[in-house]
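The letters A, B and C name the chains in turn, as written, and every chain counts its residues from 1.
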Amino acid sequence: MQPDLPDIPALQRLRTRSPLVHCMTNDVVQTFTANVLLALGASPAMVIDAGEAPEFAAIADALLINVGTLTETRAQAMRGAIEHAVAANKPWTLDPVAVGALSLRTRFCQQILSLQPAVIRGNASEILALAGVNSGGRGVDATDTADSALPGARTLARQSCAIVVVTGEVDYVTDGERTCSVPGGDPLMTRVVGTGCALSAVVAACTTLPGDRLENVATACGVMKRAGAEAASQSAGPGSFVAAFIDALWREGRA
Amino acid sequence: MQPDLPDIPALQRLRTRSPLVHCMTNDVVQTFTANVLLALGASPAMVIDAGEAPEFAAIADALLINVGTLTETRAQAMRGAIEHAVAANKPWTLDPVAVGALSLRTRFCQQILSLQPAVIRGNASEILALAGVNSGGRGVDATDTADSALPGARTLARQSCAIVVVTGEVDYVTDGERTCSVPGGDPLMTRVVGTGCALSAVVAACTTLPGDRLENVATACGVMKRAGAEAASQSAGPGSFVAAFIDALWREGRA
Amino acid sequence: MQPDLPDIPALQRLRTRSPLVHCMTNDVVQTFTANVLLALGASPAMVIDAGEAPEFAAIADALLINVGTLTETRAQAMRGAIEHAVAANKPWTLDPVAVGALSLRTRFCQQILSLQPAVIRGNASEILALAGVNSGGRGVDATDTADSALPGARTLARQSCAIVVVTGEVDYVTDGERTCSVPGGDPLMTRVVGTGCALSAVVAACTTLPGDRLENVATACGVMKRAGAEAASQSAGPGSFVAAFIDALWREGRA
């Protein structure tokens, strides 16, 4: 396993390219997700209508699908967006929030797995559920450790031909053969809503970078963990953490 | 009337149990609500699909219904969630935002009143409207005082067999017989969106605690008022208030 | 062209009147929009159901229509709200996010242009698209300068009988005859989601003020630019900017 160090040139490239990231994400994390992407120099846009989302997926540089507040209507719009992204050769990233615990999202995630996601990013329970291993997840929080999910993640990566990210105290990034581990971060990150969802958006942004995708995705994990640790050291609690985290991201990848 | 003091053991229990609170709330306050619950050690999850919401309501420890941005589709999902929560013996809390002023939510709130809410939390105009007393409410802001709504609150509590909370400069918590008053807070809390809605979520979390529910609900009111006063004393305005408020909640109930 | 200075009496009047602003806006900016309006003393309310929105539009003092996350369902609710606002002689403001780039919102904006908006606020690409001039917009970010859009803005103002605001490094406010320019602000404002959308909400609030509407709208632009510059000077990045910006607005228009 290769330890990952945040790759400054990758972050500089992100700022230079400013990829347009089409975020179809849950209701709870939209503002935070947009501000995280903006702080890193990417350009977020949320387009959700079943007619417009496919149009926009073909225009944007990358697509994020997060099923946190999935509905039947949104599932239909997401499916259209994925199909158009794939047809236009644009990478899409899946965040399978609480998959395995609830029926609509479980069916939906299983269906779209065949549509060639570039990356799948989840916690241990979500990755195990997608890999077909039973899990004790009871909602959005993992009840398994990232370590224990690594074999399942490798299997899922090989099955789906995607890079799989399992996040936890250590993040693991694997394509089924190679695996990077990304330590760091801070427990305070789990007491603020949306840090995982925002990571998935940053991962989506990094799928647009040239070079080795596994390394680019590990860079996304590394920058979030580094900014999280820095922000936690400057914060009196999860309230002040949010601003400090965005400010820390703002400083990443600058000359 | 019994003056209420924030009950530290109740807050410690909240952190220990970390109840899973299913929040079906309005579009405007989702992030803030989630972060308030996380700061107090509870575990928020927003699940909104008409198929998934009932499933999840039976899994979660408590349910919050907030009608601030109600639609017909959401009303249907909420009704299913309430029915499954009740069947699974999980308490649900109603925040009847702007009831009385608009037709869909007024009809909906009157219908679900019969489904045994554990707690109803509203401002004076909302509680008076639910109690069948005419009110001059013109939207989300109260045009009546909490004092003046207390008789109506007691009537509503007896009719619905729920604990009723009327919030204002002083919060009143009543089961129709006993009434607690909770003074404190700061006017700045009314210049930040979502403090009332987030209180309802904290109330929902506190319905999962053992012991006297009236006291537990008053504790929820007390902790929010105390954190609000502390945050206001440290803030230059409503912008810095938000972070200071979450940080103050973060410190509550710690040994 | 008349340079604009923030008009303190107008802001004081905003605090005194506390207009109720019905915001039908996109999913990403709801919290920020509400907190911006609250900081300036206005009263925001988001009501979105196709049944309730028309009811509420007639009750509220002003209506904001922002098509950032438009869906067919929301378009229907918005059209009903606009018709009831117009019938009740309440001004409505249009924020045509990404118009020209996507089909549903382009059709919708062209349709509602005939329903007498009081103000249209967009970036250069959006205003040019609405004016029927081809634009290179690829989403939410302008690819044209405000300067270059000014002739189109004047044409659009005359065609629609609305005041048109083109925002950029300098904001221009025109009724087709008179034009105000509003310099100031800070580039950091473009790295936080929702500053443009929130300006449209403040513009909507200012349409309720007595006096010259062109001047009142220019005041809205001026106060946002001034608060943005002040907040940027106090911030370590876009994270701390948000709180500083709301706090700066909180100080505006106080005696």
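Basically, a contact is a pair of C-beta atoms (placed from the backbone, for glycine too) under 8 Å apart; a residue touches a chain by one contact, two chains touch by 3 or more.
Bear in mind the structure is a predicted one, so any value in this text is a computation, not a measurement.
J.: Take each protein chain as a node, join two nodes whenever their chains touch, and name the resulting shape: line, ring, star, complete or other.
T.: Complete.
J.: Through what angle, between 0 and 180°, must chain B be rotated so its C-alpha atoms fit those of chain C, rounded to a multiple of 5?
T.: Fitting chain B to chain C on C-alpha atoms yields 120 degrees.
J.: Find the geometric centre of each of chain A and chain B from their Cα atoms only, then give the gap between the two centres in Å, rounded to an integer.
T.: 32
J.: In chain B, which residues are in touch with two or more of the other chains?
T.: Each of 27, 31, 242-243 in chain B touches at least two other chains.
J.: Considering the complex alone, what residue numbers of chain A touch chain B?
T.: Contact set of chain A toward chain B: 26-29, 31-32, 68-72, 98, 101-105, 138-141, 191-194, 235-240, 242-243.
J.: For the complex, give me every residue of chain C touching chain B.
T.: That would be residues 20, 27, 30-31, 34-35, 38-39, 43-52, 55-56, 59-60, 73, 242-251 of chain C.
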